[in-house]
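In the two assemblies presented below, chain A is common to both, partnered first by chain B and then by chain C.
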Partner chain A sequence: METAVKLGFSLAGIIIMLFLPPYLDGIARRVKARLQYRRGPPLSQTWYDLRKLFGMPSVKPTKKALFTWAPYIALASAISAALLLPYGNVVPVDFGYNLVVFFYVVLMVSVFLMLAGLTVQNAFSHLGSAREMQVILTVEPLIAILYGVLAYNSGSLDLYTIMTGLHLTPSLVLTYILLAYALYVESGFVPFDIAEAEQEVIGGPLSEYSGRLLGVFYYAIYIKRFALLWFFISLLTLPWIGPIGTPEKAALVLALQFVLTVAFYPIIAALEATNARLRIDHVVKMNTRAFFAGLIILAMAFMGW
Partner chain B sequence: MVNTKDLEAHFEFECKACENGRCAKADVNSILSERKGLRDFYEAFKEHIKGCKRMTYGQYQFVIDREVLPEAVLWWHNHPEFKETHLSTAVGTDERPLNGHFVYMPFLNVQVEFANEPENYWVFLRTYLLADDPSFPSVAEKLPAALWIEREVKDLLGFKPVNHPDPRRLILPEDWPEGVYPLRKDMDYRHSPITEPKVEFKEKPEDTTLVPMGPAHMGIEEPAHFRLFVKGEEIVDVDYRGFYSHRGIEKTGEGRLTYNQVLFLAERICGICGYQHSVSYAMAVERLADVDIPDRARYIRTLLLELERIHNHLLWVGIAAHMVGYDTGFMHAWRIREPVMWLVERLTGNRKQYGMNIVGGVRRDILDYRKEEILKVVKQIREGTKTFLDVALNTNTFIKRAEGVGILPYKVAKAYSVLGPTARASGRKIDVRKDQAVKTATAYNEIDFKVPVYKEGDVLARVLVRMDELFESLWMVEQLIDQMPGGDIMVPIGKLPEYEEALGFTEAHRGEVVHYVMTGEKNKVYRWKVRAPTYNNLPAVPEMLKGYHVADAPLIIASIDPCYSCTERVQFVDVNTGKVKVLTEAEFNELSIKYKGVF
Partner chain C sequence: MFIEYAIGAFILGGLLGFIRDYKSAVKASSFMAFLGSLLLLGEVYNVYTNGPVKVNLYGLPLNVTDVSAVFLLIIGIVGTAVSLYAISYMDIFERTGKGWVYAIAYNTFLASMALVVTVDSMEYFVVSWELMTLSSFILVFFSERKRDVNASAKYYITMHFLDTIPLFLALGTAYSLVGSFDKLSFENIGSALMTAPAHTKIVFGGLLLIAFMTKSGITPFQFWVAETYRAAPSSVSAVMAGAMEKVALYGLIALVWKLVGTTYSLGLLVALLGAITLTVGTLYALRETNAKRLLAYHSVGQMGYIWLGIGIGMALIPKGGALGAIGALGAFAGLFHALNHAIFKSSLFLSAGAVEYRTGTVELNELGGLGKHMKWTALAALFASLAISGVPPFNGFISKWLIYVSGYQSGNLLLAFGAVLAALISAATLASFVKFYGTQFGGEMERYEEVREVPGTMIAGQWILAGLTLLIGIFPGTVTGVLNVFNAPVEGNLYKIGFKSVLFSPVLFVILLGVLVFGFYLALKPSYGKEAKPWDCGSTQIDEDEYRINAEGYYIKYERKIDGFYRFGDWFYAVGAAIIHYIVRGYIWMASYFVKIVDTPYTKVESVADLRKSEVLYGDEEALKPLVRFLRIACDVLPGIRLGTFVVLALITVGVVIGILMAL
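Our next item is the complex of A and B:
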């Protein structure tokens, strides 16, 4: 019985993780359109776009295998990241020390995006990759520190244990705030979509991609964004709702996670719509400041605050 | 009614007829005392001045020796008293059929005092070049404003600017053969020879990477090729190659069109400031024909010019927002702009390319009941723009991107003869609407408006200058509606005098537009020279780009509101079946060479 429930929740998680992300993007497009007094595309538009891209062959400007493999590896990384997260009280793939793995696979999406840009002879791809690299190099240490605070706070490196074992301290509240910023940057929303800036570097690492491979990359990015948001939502909800003993409660929790994820996306879209893109040096500066703030939070956490 | 006679257009000031063609024997005293600075110039270059005349009100021409051309241009450009005097552009003319010489004629906008219309004037420095040796000393080394001008006459007429620092090809395409000069009179305008392409790009500085922006790039709406040499993300040097969409409009106008047909061609030079070109050209021809334009026509023209400025500035601020990824600003700016387009469509029949002008007036009257509609739209735009600015200027990230970026210092702006809002954002106090006598064609002299000037010289200053101008334009439209006089809207033009010259000019949204017209026989145009403001602004862009990020490049380029005037493809629509066929490149080339039935 228990394994069946577990299987059911895993399946629900997999379905959510595979199908929801493009709809989330659809929501964002609709919200942005409303803010710009436009009608906006249907919610499934991103799915239509992806379907179209999947159906088209890719033009390959290079013979390097990485060019072809990078989108698939990125997609695999993004999917693994999403599978490490709890859906209700079930984590589909659970090997322990999940936090480290989660950090690593999320990073892989960016890394392969960056490497893909470097496989082609295109100044814009290289510029975009260089920017992606600078963003990663400055935001990942910050995220690592914040994860450290979480791990220290809960005394575990396992994602689900962390989420159920957190206790409220001032440092945790600050961690939440800074984590929201860090995950937003990592997701590459405006004003942090610097690597793929269309007007400046024509899509950056993606500029040589087309057809199916481009579609796979987009899909990977949507799933990565979803995973980061789901992670944050889970951190926000799971610690404070008590132990989840029954499947009914787990289902309720899953519903709550789902609703909150969908509800957060319009906020992100509104932020995107009301901002101009920053420059890479602005972001590096901001991330560095945030990193030092993170160090202070870590120190606070060690002091037990 | 402003009478051109009041403007003393008939005043006898010609010493072409005097002995030896030298001014010294004519009654120069009365001539040279007309405006400040003329006598000083005459005294300074007495030995080399071979003749002089007044072309029309406020436009003086000296015939000088080519040896002293650089000194003469610099004398005016760097005049210690007339601070904002600038080299407007130069005209090259093939006058071999007339007198066996080529003519190279730089001209300057002399600003004796800002907004002092009766005092300011234009100075033309005409030099005759030998038919077998059309060389002249270059001034470009000391005056960057002349860089493109001299390369242009080199390309199109085969003149040789001696000691030009950058004698590469500017306008003609790479596959155009050497030694074929399209603007010479012995060249048929249908002739289009092609050879192997030869590309001349600037050498890449050491330790830099090349980032080619263009010819097709998301951040540049039209074909232009900026080659950015970067270290990391910082721009070290820039090379520019443009004119990919050069259409040879001047040659077409000189070919076989009558002066009224050229007017409609002039309107098609630009998709945004078409009416400015149209008015400028009409003004030049009206000066030549020496007619008085009815007041109502002048008011209608001014009204449309200002409406055009309003929609252009809104369009531009939208593009600027789009360039930094602020798409909400982009969408809203264009939403606010749209009613202007609808309004203009009601007034003229067209959203763009109004087709309202005709030499001697306008073609349609503004019906009285439409006035209310205009005022309604003006009110709507004012409120919409205020809200928009409130939001946009409080968007931190947008300000962060615009402030302190792409700085153009005053000195550089002056050296490059930068015009319009770009110049005014760098502290240049110039505006042809107030500076020069535009009153023969438009009604700017009878309405009240301010000219905003900022000193910062960055992109934000350019945004603010344009937005201030927008509000001024709205205010001007209201005044024009209030003061609109009755009466005729056009006056017929008789025969044009032969081989006379005049300049028409307006302050377009990007800076001063000048149209130089020299009449030929039988109401044809012998030489028509158009200079859009982007021609002066664009050479300064590399200066603005240096030292900033690649990320800033699209915004900086867009900040001068560049307009490359492009028409890129031809498509045939079969009206019976509705089939559309777009020509391939090969078909297009064949058509442009062989097809003779169109004109």
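Our next item is the complex of A and C:
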């Protein structure tokens, strides 16, 4: 019985994580359209786009094997990260259910995106990769410091302990706020989409990709965004709803996670629609400030606030 | 048992240098070094299965403990791979023609490191240490280019002031404690230190700490590292970064920690030094565009990680209980990172050397597009780059991760902040290595169309190490047995590693990732339509080799943002340079009383350059000069005298002497 329930939840998680992300993008497109008084595309438009890309051959700009493999590795990393998250109270594949592992597996998507951009002899790709790296360079320290607060607050880096052992303190509230910012930046939403920046560097690391390989990369990026959002929502809700003993409660929690994820997307879309892309030096500056704010929060946490 | 044969192999390797032909001498001696390093690994296995052994090596007392075994493992792995690589690589220095210098210095270097980590007495420790410094110094200026010679001189002088002097003073302190040069074994010193007053301990420990900080390039003594590693042949840089720095770590653990003992505040000091070093080293590396200097600064940074881990151990282990367990984990992670760093850093130096071997340069701004022609080198460099950036499932991830776990859970703000810095710097490391890999192997350049892959032994050398980054990353259980000298409560078996509930299963991760990658690859097989050149906005006049960003431009915005840090560092460097300038002035002031410039008398000695430019006469030479002059004249005159004159002179002399004697 126990294993059957676990299996069921894992399956639900896998279905959500594979099928939901493009729909979330569809929601975002619809919201953006409505904000501009347009009708907007159907919710599954992103799925149609992906299907079309999957059906088209790619143009080959280089013979390097890494160019071909990078999209698949990025997609696999994104899915691995999503598999490491709790659906209800079940983690589909627990290869290391803690903050640092999750953090690095998500990072791998960006790593292979950058490496892919650097395999071709194209200044735009290189520029995009370098920009992506500079964003990571400034946002990862912030995330590291916030993880430090979480680890200190709950006494462990282990996510099971964090999900059950967080205490509500002022520093934790501030951590949630900054973490939302940091994960938003890491997801690369507007105004932080400077790496791809369609109008400036024509897709950055993706500029030489086309057809099926491009589709795989897009899919990886959607899943990565989903994983970060799902992670944030789990961190926001799970610690406060008490122990999950029964499958019924777990199902309710899963429903809550699902609803919140869908509900957060219009907010993200609204932010995207109402902002213009920042310049790379602006992002560097903002993230550095946020880092110092994070330092203060860490000190607060150690003082017990 | 094995270690005797290993030293024997190194000696034989040195002797083989006397083969007349440069290439044969270098190849034969490198091969003997390879065998010797393999034998060192045999010794590690021996100690691992049979426990610590005491060996009498031609009269030298050796004590191969479990800590020694860890460092022998590091030296063995690095030595094996690098020596194999050097068999072909050293060809590029053929114009120097001094195969015997390389053969002796290189084999001595490896042998002396093996001795430093195993000898059981203070005086032999110091002697082996000096031998290590001397032989590495000779290897650094092996290329004999002017800039390299200057770098090696700087290295040697630094080592003299900050390594040799403290070590000899420490040796003197140990002698004063024990009272006899014959009984300077570590055991005797340890028992003498038990009853010694506190300040003696502080002096002894402090002197050793300075020596070991300098050798591992801990801030503020990191200034010699970059130029030295740049100047040395890449294979030697690989050994210096991979093994020699770790030998200093052995000193920290075996001498400072085990012998003198540790306290909470000493541990915090070591951890703090580590945290500062990892920040300084890595941020300096970020702006480097010379591959070898970049790697050198990264070895400074990675030594910081290691010191942070060991520092956590030194601070928390004495506390015992739950904190003690976290401390042991930190120390274990530090040692683990030492091994991992040895592997991936040597591998990276070998890759840089392979590029240098084929293109003649390590300047990242000029390189590019080599991935197509040097596939194996490129893949090895990619593996090692991912490993040093801490990307799972490579080995760097595991040890860095354990350092974070111990730092974050230490419950101490300083240590936790150290871990945060470590995570921050991890991103900077990734940035550097994206640049390192991307600029050398990414893109396609016509300039390097003719470049071929390096010879087989060089590929084998790189791949021994690059393969190990993945192997240890997936199966950390293979080495944790040897490494766990602190009895850290590291959970798990061959498939899992972690601490308490914080676990990571690399095997599961690799299987999952592999299944997903290949599954999607098969499900959505890449299909290519036409081939096309990268899009260049339709330009017709573009130099395609330069249609990219060069190494300098990668992170320019970020570097500008942290410009304040660099300026502070440069200011610090300027202060250090000013101090050295005044030391030199003081030296010259003293020297001016003992040195005379010969060719233009009455010239005042103003700077070192004066001493180098003109022919000089030292005080002792001047005092003995009349005698020397008399002897010279005698030498010139005597052969010219005829026999008769000589007999007459001799008779007169004898007569005078007899007359004086009779008068008395």
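Here is the rule we go by: the second predicted complex is superposed on the first by the 302 of 305 C-alpha atoms of A that agree within 3 Å, B and C clash if a C-alpha of one lies under 4 Å from a C-alpha of the other, contacts with A are read in each partner's own complex, and residues count from 1 in each chain.
Here is the rule we use: a contact is a pair of C-beta atoms (placed from the backbone, for glycine too) under 8 Å apart; a residue touches a chain by one contact, two chains touch by 3 or more.
The structure presented is a predicted model; accordingly, all values stated were derived computationally and were not measured.
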### Task
Using the superposition on chain A described above, determine whether A:D281 touches chain B (first), chain C (second), both, or neither.
both
### Message
Quick one: is A:L157 in contact with chain B, with chain C, with both, or with neither? Answer first, second, both or neither.
### Response
second
### Partner chain(s) touched by A:M114 [first = chain B, second = chain C, both, neither]
second
### Task
Using the superposition on chain A described above, determine whether A:L35 touches chain B (first), chain C (second), both, or neither.
first
### Query
In the superposed model, does chain B or chain C contact more residues of chain A?
C
### Message
A:V201 in the overlay: touching chain B, chain C, both, or neither? Say first, second, both or neither.
### Response
first
### Query
Of the two partner chains, chain B (first) and chain C (second), which one does A:P191 touch, if any: first, second, both, or neither?
first
### Query
Who does A:S77 touch here: chain B (first), chain C (second), both, or neither?
second
### Task
Applying the touch criterion given at the start, work out whether A:G96 contacts chain B, chain C, both or neither, answering first, second, both or neither.
second
### Query
Between chain B (first) and chain C (second), which does A:A273 come into contact with in this model arrangement: first, second, both, or neither?
first
### Query
Of all the chain A residues, which ones make contact with chain B and with chain C?
123-124, 126-127, 130, 202, 280-281
### Task
Within their complex, state which residues of chain C touch chain A.
368-369, 371-372, 382, 386, 389-392, 397, 401, 404-405, 408-409, 411, 413, 416-417, 419-420, 423-424, 426-428, 430-431, 434, 437-438, 442-445, 498, 500-506, 508-509, 512-513, 516-517, 520-521, 524, 526-536, 544, 547-549, 553-555, 557-558, 560-561
### Message
Show me the residue ranges of chain A that touch chain C in the complex, using the header's touch definition.
### Response
54, 56-64, 66, 68-69, 72-73, 75-77, 79-80, 83, 93-98, 100-101, 104-105, 107-108, 111, 114-115, 118-127, 129-130, 133-134, 136-138, 140-141, 144-145, 147-148, 151-152, 155-158, 160-161, 202, 207-208, 211-213, 215-216, 280-281, 284-285, 288, 298-299, 302
#### Entry: Interface residues, chain B side, partner chain A - complex
209-212, 217-219, 232-233, 321-329, 331-332, 335, 395-398, 400-401, 549-554
### Task
Could you pull out which chain A residues touch chain B in their complex?
32, 35-38, 123-124, 126-127, 130-131, 190-191, 193-194, 197-202, 273-282
